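Chain IDs A, B, C, D, E and F follow the sequence of writing; residue 1 opens each chain.
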Amino acid sequence: MTQSTTTLFRSYLIEEYHLTEEPYYVPVADEVELFEAAYQQRIPLIFKGPTGCGKTRFVEYMSYRLAQPLVTIACHEDLTASDLVGRYLLEGDSTVWIDGPLSRAVKAGGICYLDEIVEARKDTTVLIHPLTDHRRILPVEKRGELLEAADGFLLILSYNPGYQSALKDLKHSTRQRFVSIEFDYPPRDIEAEIIQHESGCSDDDATQLAMLGEKVRNLREHGLGEGASTRLLIYAGKLMSQGIPHRRACQVAVNWAVTDDHAVQRSIEEIIASIFE
Amino acid sequence: MTQSTTTLFRSYLIEEYHLTEEPYYVPVADEVELFEAAYQQRIPLIFKGPTGCGKTRFVEYMSYRLAQPLVTIACHEDLTASDLVGRYLLEGDSTVWIDGPLSRAVKAGGICYLDEIVEARKDTTVLIHPLTDHRRILPVEKRGELLEAADGFLLILSYNPGYQSALKDLKHSTRQRFVSIEFDYPPRDIEAEIIQHESGCSDDDATQLAMLGEKVRNLREHGLGEGASTRLLIYAGKLMSQGIPHRRACQVAVNWAVTDDHAVQRSIEEIIASIFE
Amino acid sequence: MTQSTTTLFRSYLIEEYHLTEEPYYVPVADEVELFEAAYQQRIPLIFKGPTGCGKTRFVEYMSYRLAQPLVTIACHEDLTASDLVGRYLLEGDSTVWIDGPLSRAVKAGGICYLDEIVEARKDTTVLIHPLTDHRRILPVEKRGELLEAADGFLLILSYNPGYQSALKDLKHSTRQRFVSIEFDYPPRDIEAEIIQHESGCSDDDATQLAMLGEKVRNLREHGLGEGASTRLLIYAGKLMSQGIPHRRACQVAVNWAVTDDHAVQRSIEEIIASIFE
Amino acid sequence: MTQSTTTLFRSYLIEEYHLTEEPYYVPVADEVELFEAAYQQRIPLIFKGPTGCGKTRFVEYMSYRLAQPLVTIACHEDLTASDLVGRYLLEGDSTVWIDGPLSRAVKAGGICYLDEIVEARKDTTVLIHPLTDHRRILPVEKRGELLEAADGFLLILSYNPGYQSALKDLKHSTRQRFVSIEFDYPPRDIEAEIIQHESGCSDDDATQLAMLGEKVRNLREHGLGEGASTRLLIYAGKLMSQGIPHRRACQVAVNWAVTDDHAVQRSIEEIIASIFE
Amino acid sequence: MTQSTTTLFRSYLIEEYHLTEEPYYVPVADEVELFEAAYQQRIPLIFKGPTGCGKTRFVEYMSYRLAQPLVTIACHEDLTASDLVGRYLLEGDSTVWIDGPLSRAVKAGGICYLDEIVEARKDTTVLIHPLTDHRRILPVEKRGELLEAADGFLLILSYNPGYQSALKDLKHSTRQRFVSIEFDYPPRDIEAEIIQHESGCSDDDATQLAMLGEKVRNLREHGLGEGASTRLLIYAGKLMSQGIPHRRACQVAVNWAVTDDHAVQRSIEEIIASIFE
Amino acid sequence: MTQSTTTLFRSYLIEEYHLTEEPYYVPVADEVELFEAAYQQRIPLIFKGPTGCGKTRFVEYMSYRLAQPLVTIACHEDLTASDLVGRYLLEGDSTVWIDGPLSRAVKAGGICYLDEIVEARKDTTVLIHPLTDHRRILPVEKRGELLEAADGFLLILSYNPGYQSALKDLKHSTRQRFVSIEFDYPPRDIEAEIIQHESGCSDDDATQLAMLGEKVRNLREHGLGEGASTRLLIYAGKLMSQGIPHRRACQVAVNWAVTDDHAVQRSIEEIIASIFE
């Protein structure tokens, strides 16, 4: 089999990224109302919850709903303050200041989503404090400037308390600057609806995959680090749509994806076999 | 719902930041008199106290009252001496010296507030020693210079002894260069007054939120890392003003904001239920 | 003995590396069908398995079969985000942006194979997350840009769960973005076929080498870190073709290559002696 | 209350810093004679002693007395050899060598005071070795040069053995290059004289503050890290001169300044109450 | 005594270093045949063995015998990938690419000897993997290029398993890409021949030194870290040729050179005394 | 008392540093003959021994005696390979290569003394290996060059086995490239002669100081880290010459200089009192 490829790619300015069509999102509780109330008061938010439970999709949905640009920044331990705020770069024989993604969001005024904030270095975390004050400023020390955020700007953090260790704690001086919303995996019927919509598999397969997700998550107290995300269930549905047998699809998209532990793999294999007989 | 945004932002020079209207501050004891006496003698100060108890607001208030510019520097473990003092930057084909925020404050003569000093690297901490001497100088070694501080200059540090660990100790060679004022959360009636003023919620709600703050802080001996700050109580008041039900507002603005521990969350949930029946 | 050398070397652009002849690959199960189904849906893949069991060869084979360019990146703990995405370089008196290998693959649209992903620093690992989203974007923060991947682009990771330690864990936030295929050494008859084809040794020697591989791998529970790879068995076959005695060839290409432990070496020596009498 | 500020500041070249008026210093023993004998022989000196016991003031006094410029360098763990010796800086389109403070002192020939030497990195410590030899040279490796110190040059180190830990030991290869003078807090009558002179408080207050200092220092065996420095007692005197009540002045300038431990604070509170009834 | 010196020195391009006369090497087993067979097949090699047992001399000998240039790279924990592959350097107002020693060897096509590979950082180790594949390529990511090795190129690693610790393990993903030859000190008669040839001492002295080497190596199970290398025995022979008494020559060239432990030194002293009565 | 200062200083090129007058050195054993024999054969040397026992003075003496320039490099953990070998520096609009001190010595052909080699980073230590081979080359990888040492070049290392820890071990692959000479403090009569000559004190004082040195060194098994160096005894003699009382001179130049431990200080005080009654 060969496959022709389109080698065209597109690029955007970071702060001009708008979602052009409504992201598919099914609310579970009053999270939409809470977000809107906080946004009205410009109260920054923390989203807590496990991997793949829909936090990123929710922020995309709210960005579309509020018609705000969305700047997403994946935090990691090597992200420096300069990476966020900006730096001088030599360009030809003159030096040009390049705004980082946080400065871009502060100036453009959209939603700035710092994903997995506990991974960030302390300088990054401290940097955002004055943006959560009544002053809403970002110090750009290399330029000797203070930027006052545009009116529409709001800061959102995400983090996964399951990972939280003594070393990677979200300090109180940071967390007490935010209202916190806790998320979990959607209930079975909503998850089945999502799986069907996203993977194009049959309703029955979607329901069984949602059931599989629920049962695998129950293994979390029995040696499984983290439950299967909705995303993995969707992958399984997509492979089924491509004609991969049900159990094999679940094996590679769910079982082998969530663990390397052979004992846990056998337990999940049994769950798969009991659902997809 | 959609929301129009103003994408205008403003920027200031760091050393020209003046508070243009009096910050709202309710004194708890003689802290205003102590600050003024120290300022008259140019004795540098340390503010000790928990997260969100009003230290930053107080320094803003005194800066307004003494009509001094205010330069705030959030300390973190990656802040270098060059970040504070300044550095050479290439600009076109010439090299320009850019003063850091500390040099700016030393020259302009205002109040320089180093927030969370124990987070700073040792080079930062040592750098400020000669500014607390009778000589009041800042060595700018990359320029081979000593800067003598302008007359109005005063150094203020903040730190939270609750965080203090063996590794992040404020050394005696530093702390014995400052007069220290200890802060705590305001008493219930003053805190209620602040909550009402800042959030626009009703007097009753403000009183109940102040009571909630007091009770949550009592949990500090029962597994809660740090008590709820006044800021979080104000957030709860603001969400109430937006029509979010009382208990839900307290859940996201206080309970989920201060802890990820489910047992502690249940205790706080009970406190909330007992206050907002 | 002397040997004349050709000192000519060739160089390619990284993203233009196409395999010009079909790599020799013998499928063990339905891995070709799984890869094609995932590629149709642009679901990113993880290949799990021990050193030298054929993962790299398989990705080369699929790249040839799908007529996609192949960009291979060997991960290590010093690989920075800039190494992957690109950097500015001074060239004469102007500054030029040089795309890193990941940006090249994103733009050119081929298969990007990140070998031994658990060795990578966290910033590298986090960087690839948005490429596995429905948005398929790569943030190029130094240019303030988002690159949307060309249609043919697909990300493949490899890792060896045998090495997995607490410190070098593939985090759930990463692994749950991929479908995972587990690999192991090929069964004896297929391995013999591979050895004979690659080394040019006799069929008998190839069969005996495959048997040796199988027996050495059984020592893994008896103090041997990892079993002998197919590659080492091929080396032994090649040395035999050059006239090196069978046992000596197995000693240097298999025994001394897999362990420094004298006790384990003695056990392997006995296995060699029992096969090549 | 408002306060007008003078925003004028002054700057000096580091090596041209001369004390223009005699620093106030009351000798405790034969330290002046010892310093002069060592200076005659150009024997480098180490000053050992607790925080704030007057080591810095003494070196300023001797610098004035010997009419030598004084270059003070606060050591810290991020101070590099280049920080001390000098570096090349781009200035416009030419590169300029900027001497560091140590090179400045070596050339200008004054007293060079390295404060808290045990905080320095090893490269800094090693760098000063050849300056303590009979050769008295400073290698400037980036220029391929050896600088021979001007005749008046002398190196003085300070360190606080109370801080000395296994990790931050002054190595014998360094300490055995210096004559060492041990300092302690001045006796009560001399300290009272100093407090009165520096703070402008009454003789009685000064005597009582000296007594307070003595008693607080006795707590060092009972959980207090380090005793109150003379500087803190002077601060208390200054606050008293500004009208702050005696006990409150001692609380913020001494008690809260030396410890965060509530039990120790209660003990000091009792000492204060017993002295300032 | 004075000594006139010739201050002339010579320099070579790294990749043009050819041995102009045959290095003195006495084969111990079939290592020459093994190397030639591996070279014919371009199978990369690892030389394992203790310090100073002749690995470097052997690679020099084979380089001469095969008439290949020899590029030697001493690995250490600060060796970066750029050190090996190359980097851009500003030269005047243009930027020039400087090939590192590995790129030079890949292009020139000789033998590249990475000495003490386990000392190298992971990025260095990973970098060489694709050079050991059937593709024999070196990625030069800063130029976006892949270099295909010239035909004569072959990679040789050395390492000393005696040093091997958990932290400095040669990973299976690396070691299983090489055929491994184990080396040890030469047998007594061959070693005596080498000592005599290299030091110019008498045959008797050479035989006694070889016996000394053997006996000292037996102390390895009694507190001696590593046995005396052939090189040290040659040094002792050279000092004897200069008229230094036999026992004194052995004391400084062997005993004090291999250990600082006084107890072990006494044992070696006794061995020396028993041989050189 | 005031003191006029000469602010003139002199500078030399590192490789042109010649001792112009014979250093004062009293041989203790056959170290001069050993050094000359090793130098004739160009065998590199290690000097082992405690701080301040005369190793540096000996290498200066031999450098004068052999009429070789002397390049001394103090090793420390931040010394990089570039510091030793050289680097490119921008100068105006052209880039200039600056040789490091090791390259200077290799080219100029003198004695290169690496002081306290165990402090050096591994890259430094490895760098010198090829200079101790029969090839005597220094790879200058940034220039793609190999430097062959001038004929007069010889490498000398010093280290203090008393400091040797598991972490800062001189590896066998390094130490077995050198002949090692062990040094200790000189015997009493020779030390008295040195003290008198260097300090200008009386013969009696010198004899008593030598006795003090001997007795203090005996405390090494009783809690003293390292014995008093000859240098400290000379300092005491110099202070005596300046009129400082004998016991006080010994207190500051010996007792306080070698230890901060009050118990050990009391023991040394008693020794001083028994000698200088």
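Methods note: a contact is a pair of C-beta atoms (placed from the backbone, for glycine too) under 8 Å apart; a residue touches a chain by one contact, two chains touch by 3 or more.
Small disclaimer: the values here were computed from a predicted structure and weren't measured.
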item: Path length in the contact graph (subunit B to subunit C, fewest steps); value: 2
item: Most widely separated chain from subunit B, with each centre as the mean of CA atoms; value: E
item: Mean-CA-position distance for subunit E and subunit B (Å); value: 60
item: Subunit E and subunit F, separation of their C-alpha mean positions in angstrom; value: 30
item: Approximate Å spacing (C-alpha centroids) for the pair subunit A, subunit D; value: 52
item: Sites on subunit B at which at least two other chains make contact; value: 90, 93
item: Topology of the chain contact graph, where touching chains are joined (line, ring, star, complete, other); value: ring
item: Chain order around the ring, beginning at subunit B and proceeding next to subunit D; value: B, D, F, E, C, A
item: Parts of subunit E lying in touch with subunit F, wherever the complex brings them together; value: 1-15, 17, 51-52, 56, 72, 74-79, 83, 87, 89-93, 98-101, 104, 115-116, 119, 160, 163, 225-226, 228-229, 231-232, 235, 238-239, 241-244, 248, 252-253, 256-258, 260
item: Of all residues in subunit E, those that touch subunit C in their complex; value: 30, 33-34, 36-41, 43, 46, 48, 65-68, 80-81, 88, 90, 93-95, 106-110, 121-123, 125-127, 129-130, 133, 139-152, 161, 164, 171-173, 175-182
